[in-house]
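Structures follow.
The following pair of complexes shares a single chain, chain A, combined with chain B in the former and chain C in the latter.
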Partner chain A sequence: MSIKEAEAQLSSAGTTTDAALKSATLLQIEGLCIEGQSEERWHRIVKGIGLTLRRGEVLGLIGESGAGKSTIGLAAMGYARPGCRITAGRVVFNGRDLLQLGESDLRRLWGSKIAYVAQSAAASFNPAHRLIDQCVEAVVGHQLTAEDNAKRNAVDLFRRLRLPAPDQFGLRYPHQVSGGQLQRAMTAMAMACRPDLIIFDEPTTALDVTTQIEVLAAIKDIVRQFDTAAIYISHDLAVVAQMADRVMVLRYGELVEEAPTRVMLSNPQMPYTKSLWAVRSLRKEEEAGEKILLDVSGVDASYGTFKVLHDVNVKLPRGRTVAVVGESGSGKSTLARVITGLLPPSSGSIRFDGKKLPARLKERDKDLLRRIQMIYQMPDTALNPRRRIRDILGRPLKHHLGLTGAARQRRLLELMRMIELDERFLDRLPSELSGGQKQRICIARALAINPELIICDEVTSALDQLVAEEILKLLLRLQKELNVSYLYITHDLATVKAIADEIVVMHQGRVVESGPKSQVLTPPHHAYTELLLSSVPEMDPDWLDAILAKRQGAELGASPSG
Partner chain B sequence: MSLSAEELETLGREGAPLPLAETSSATPALTSRRGVLQTVWRALKTAPLTAWFGLIVILAYAFVAIFAPLIAPFGESAVVGNQYEPWGGKFIFGTDQLGRDMLSRLIYGARNTIGIAVLTTGLSFTIGGVLGLFAAIVGGWTDQLLSRAIDMLMAIPQLIFALMLLSIFGSSVPNLIVIIAVLDSTRVFRLTRAVAMNVVVLDFVEAARLQGEKLGWIMSREVLPNILPPLVAEFGLRFCFVFLTISALSFLGLGIQPPTADWGSMVRENATLIAYGDVTPLLPAGCIALLTIAVNFVVDWFLHKTSGLRDEH
Partner chain C sequence: MNPILKTVLQRLGLGLVTLFLVSIVIFSAVTMLPGDFATAILGQSATPETVAAFQRQIGLDRPPVLRYLFWIGGVLQGNFGESFSSAGGLGGGHARTVVSLIAPRLKNTLFLASFAALVAVPLSLILGMLAALYRNSIFDRLVNLVTLTSISVPEFFIAYILMLFLAVRLPLFYSLASVSPETPFLERVARCALPALTLVLVIVAHMMRMTRAAIINLLASPYIETARLKGVSPGRIIFRHALPNAWAPIATVIALNLAYLIVGVVVVEVVFVYPGIGQLMVDSVSARDIPVVQACALVFAVTYIGFNLAADIVSIVTNPRLLRPR
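Moving on, here comes the complex of A and B:
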């Protein structure tokens, strides 16, 4: 009896110390100012940010690119990127000001007490070493534990992160696993030392919705299991809503608003925050089209011996938008390559405006090339960095329409008005433009020569939500004015709802479902469409838990019968 | 856009839109020209001391090479004194093994050596650059064929190959230029092809292809400007290597033939003096060394400017 009492006492003491620990401040940032160098001048990019993070708490940082989220995330580790400097403020971690510590002291903290998970796991892993060696490198390097012990621990983490075959997983090289798995492996690497604080810098931004949900679930789970504090950086509100206890909204390096997640979601105070919330509400009224402009029927295509497209059928009416939806590897970009003639199909035919489209780019005449244009996912690589906007836009005008001199100048000004950019941008280089402005220039280049079909390959996925919405609005307005047709390739269903008239769902190179938007988006769905639709994060902070519980329930319900 | 080009032109010629069209087409040209000068000046102002040193040395060499007949006190191959006269007096650096003025020969040597090196490097970059770009953009079999042919040329040691070709074709200046340029262009080809490969896969090149742009346009306007920095750096290095190759060939007696003055053969001709503790043979060697260093200073600076590298803190 007395033993039991003692135990009870002990456990209650344990909980009280736990609670005390939990409320203790782990990280405190005060008046943080950071400057960045561009064109040999220093600009302020973070202007006096303060934040407090308690043990076991997850703080979400939200903002568009350039808001200073990542810079703050790194500063929380006492680190400034090359080209940046911390000019003022204190970063107190566990009672020590990191900004006063020397390099060797910081190194001892990094990877043992503070860990970092980067946006692109593929770029952060060394391709020449096995995953498990990289995961235990920090632990062994900090001499926290012996190597075999660390490896056992890593395998345990792989298991907790629900990686397939956790015992063998670490023996693979980074290129042998998928992007989502790599991101989870990186989380395992960060967790290996049981740090007090992890900084997640947009860990799921580069992933498909169906993969994202797995990574989110794994991260949420493991942060909860080890009661680790985290700073979760993202531009996607719905994602942060799932992960964070508290949210800070940033803009231009300043704090806009800070509140607990539920309060923030239900009752945003500042106009900027409200505008962020409103982004997902863009909807296009569905219109049926009569005249078919593009008719892809029974197309097969392959890279070498690997068959990518199987019997793909797509019909695109003139002046309408067909969205091609699917995760990466579903063959949607290959479809674009087939239509543009970069990859001739192995069978099937494509008809454009009633006539058969020559399979190869070389067989198409100049006018046909003019009528089909393309807009790319990454505006950074779609514009030649060494040519001025005037030359980039002016070249197709001369090449296809023969415009020169004053006539070309007038058309250039007209184009700039269409895409709502000031004409002064004409004399700039692409590097002097923001991502959204660059994408507008790409749109102008495609529009310059009056095309009938524009293939948009994930044109908004590299952009922030607010900027993306502006681009979508622009595309919709231009379609209304110019009656141009879009084949819109995307993995983002919110975008589909915003822009499409018809939807084609692709999975592993096959069309699994197609039809008008309203029909595809209302039940009953094809199983894959259902999976895609249910994987899109919602603003409700309970969404992730609910959906996981539901899927688990479905699995449990299905397993006895199967 | 229902107006045709012609209609727009007439619109521009009549009435109101004229001043707009005129000013707008005139100003950008002006601003961009001023812009280039300004950027060059701004770049020079912030250039480090080494770059300034390099630039001044190169300009001095160029000046000497161009105005050699005006600067040199004596003729290039005129015998004006005794053999191996000491420094000072009439002959600042003394005379060589035939009694020709050393200073005059150094000055004329600048003209011959640098002139030939510039021509050779230029030619080798034209050949290697064009073929490299072509191979990278066209790809497939063309690329394979060109690359393997280049590999074959590279398999033979360069200096020995050059010696062999020179003894077959005879050692004249044009032969020298063409042979070294062709042999050197293999390296340029490899570099150009490698860096162009990285640019060719970018979306803007595909966009140009989809617009129906021809090969020449893609090569010169889309790809070339983006690989220029490594090529310029390589130009600086190759220039020095060519320089050294010519000097080496001259030293072996198969380069620039006497009585033409060039620094490489001048080292050989006066080499005996070293044995007597006279530094005269080191003068032409010093000229080569100084120019090599100067060129590389400038190239380093240019690379640093264009690569956008930032120093860590």
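Moving on, here comes the complex of A and C:
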């Protein structure tokens, strides 16, 4: 639809010219096909996508990894990453087909008319330059205004995005500010030229929930203030629900469903969309434990002179799951290092199965090492890429149980059955497995030698929701069958609800609240638990506004003047 | 204390320790050289008594440990001892100090090295950046081909080819680089042009290819994509976004090549009859003039350690994480 047609349509409906301009089409994508190269061959990764975006509208793109969301987002700028190529389609922005434009014409649009906010702001800022210099580079480079003017504008944006000390903020280097602040700085950088369109590519995925809510609020606010159109890409439906007017669900590079946000949430049509909604329904019935397997009491630990854990107490009953929850830097993973003996505590004691656990790894005997196992966050890096699955699983069997030959083969097959993978996988390399399959192998490796305690460090946070749910189900089933105990470290409260019997909430190296799941999750909460719980986005488009209004009200109520 | 200053001082201390160990290695190696100076200078026909007397005169009869301590003690006070060969056999006469022998030669070498470096370093950085900018283009391939060819051909061959074409066929340059301390600066530059050009051709390839590789390596970083999507021009991306983060590997290669310019140019010196320190060392080795050999080796060691230290410091101060802690 051309601008003229849109105007004609609107004027016939009797709206003002302002509204007409607003609902004019800004971006129209038709029949977009993109191929990606892997192993010398081109594969189709986007298969004929079309979308329309009006001025000032926010469109959400949802899907799991591999759905082609980011590729489409970049193609909306007329850009394909190295190793990708746009093979067909039109990307019409403001009446011009970006796919027909040359490199230098595109450069004139990039930054000034269309801007991009990447997932990892930490990697997307140049470490060698000050933030403000990077924020004004596009404005000055496109000769839209003079440098001092641009800098004043950047400071103004920092202020609007509620960054601390906006006048000095830009003088810092990327490594000197936190992840949430960097993500807001990136939004300021994108906003610097007042573009017509911003592509947000998972801007809050790498952040803690408590930080995410601030960044979401800041982005939503500033997009609204400048009436900028945006494409908001995320795998998290609840996040998109807060930001987008309209949602497109993608899978395998194809459109599954498209609808206005509220319609999509209340009445999803396609089975795949419904399954995305269903993920959050997994919930374990809480069971009280009897015999305590692991008893961490009064543990302090520090890196050098920096104290990371303060008087941490955790009790884990046999055959149960204790979830350790907290944002990054809360000391969750340090606790795991202390229990595994990688970091000896400076005071306090750990008892395992009634006996005192030696502080150092070196002092623990082989059997003790066997009884405590660990599963890591990134299955990609936890498996040796040059070893076949048979060797990866077989080595602990030989080392700890002395199994060889036919006995080992029997155990290998048994393990593969446990983790629901075909035995053919035994002869594959890790690179030939998907993320979920790799994590299953990691679980099998931990289970291989019959441990009593498995420490799971964010084992599902690198996986897509559907895959993550499968892994959680597997862990629960194995616990029932083998009576193994889990210390489950996570920042994701949905996962906690799904898997835990008891919860330990950590904040800045201290346990702020602990107890059975039902007790911790029912009010009244400790203030930090409350903050954590209330920061988890909900599937309600009004959730963000409501929670911000509530918090603001609480602040006003708490201040003496209010 | 400033963490950078602390690191730099640590490296400096480490460099001094290395230098001390190297001095032991140098001394041992020179002591183990076959043949000795006394026989070399007095000839095969000398009687054992004459040889012994001569050895006593220049101190060769003392045990090695004592000789080492005596030598290193002198070095610490800036006294590298006296040259054996200038002692003029048994006749005595006024012996020349090692310093007075080495100083003019070292000056010549440093002059030639600086001359070559001033051309080669900027040239290879610019070529490297251009090659990265126009990677896989004809220009990139051509630069790679030419520099690779020049590094693959022995340096004496390049030297003679240059001499043939640029001094003999086309008499543009001096074919021999004979200079004396009195030679005026401009004439010195003119006389050194061919050896400097030879050295440039030898070292450009290495530095240019590392610059290109370091920059291309960084071009895959997310912040480069961010810069592109801000509409930053390709040239500015290379110069402003990639180069500042590529200094560490580039500096290491530059340091190695600059050290080579001082330490490894003996072949070029011989071809152009240039009175540099490399030739002095080779002459002294064949004459068994131990104090001069040791002093030259020590100068070379200082050069290597110094340049590597400089490269380390460059990689520290170009890393904003180290330069500006949180």
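Note that in this section the second predicted complex is superposed on the first by the 545 of 562 C-alpha atoms of A that agree within 3 Å, B and C clash if a C-alpha of one lies under 4 Å from a C-alpha of the other, contacts with A are read in each partner's own complex, and residues count from 1 in each chain.
The definition used in the following text is that a residue touches a chain if its C-beta (ideal position, glycine included) is under 8 Å from a C-beta of that chain, and two chains touch if they have at least 3 such contacts.
The model shown is predicted, which means the values in this text are computed figures rather than measured ones.
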First, second, both or neither for A:354, with chain B first and chain C second: neither
Of chain B and chain C, the chain that contacts the larger number of chain A residues: B
First, second, both or neither for A:382, with chain B first and chain C second: first
Touched partner set for A:524, first chain B, second chain C, both or neither: neither
Partner chain(s) touched by A:271 [first = chain B, second = chain C, both, neither]: neither
Partner chain in contact with A:304 - chain B first, chain C second, else both or neither: neither
Contacts of A:37 with chain B and chain C, given as first, second, both or neither: first
Chain B versus chain C as contact partner of A:95, first or second or both or neither: neither
Common interface positions of chain A, toward chain B and toward chain C: 82
In the complex, chain A residues that touch chain C: 77, 79, 81-82, 107-112, 115-116, 118, 120, 123-129, 137-138, 141-142, 173, 175-176, 189
Sites on chain C touched by chain A in the complex: 220-223, 225-233, 236, 240-241, 244-245, 318, 320-321, 324, 326
Partner chain B, residues of chain A touching it in the complex: 37, 40, 82-83, 85, 340-342, 361, 364, 366, 369-370, 372-374, 376, 378, 381-388, 390, 395-396, 399-407, 409-411, 413-414, 423, 426-427, 445, 450
Touching residues on chain B, where the partner in the complex is chain A: 1, 5, 8-9, 11-12, 17, 21-22, 24-25, 28, 31-32, 46, 202-204, 206-207, 209-213, 221-222, 225-226, 228, 310-313
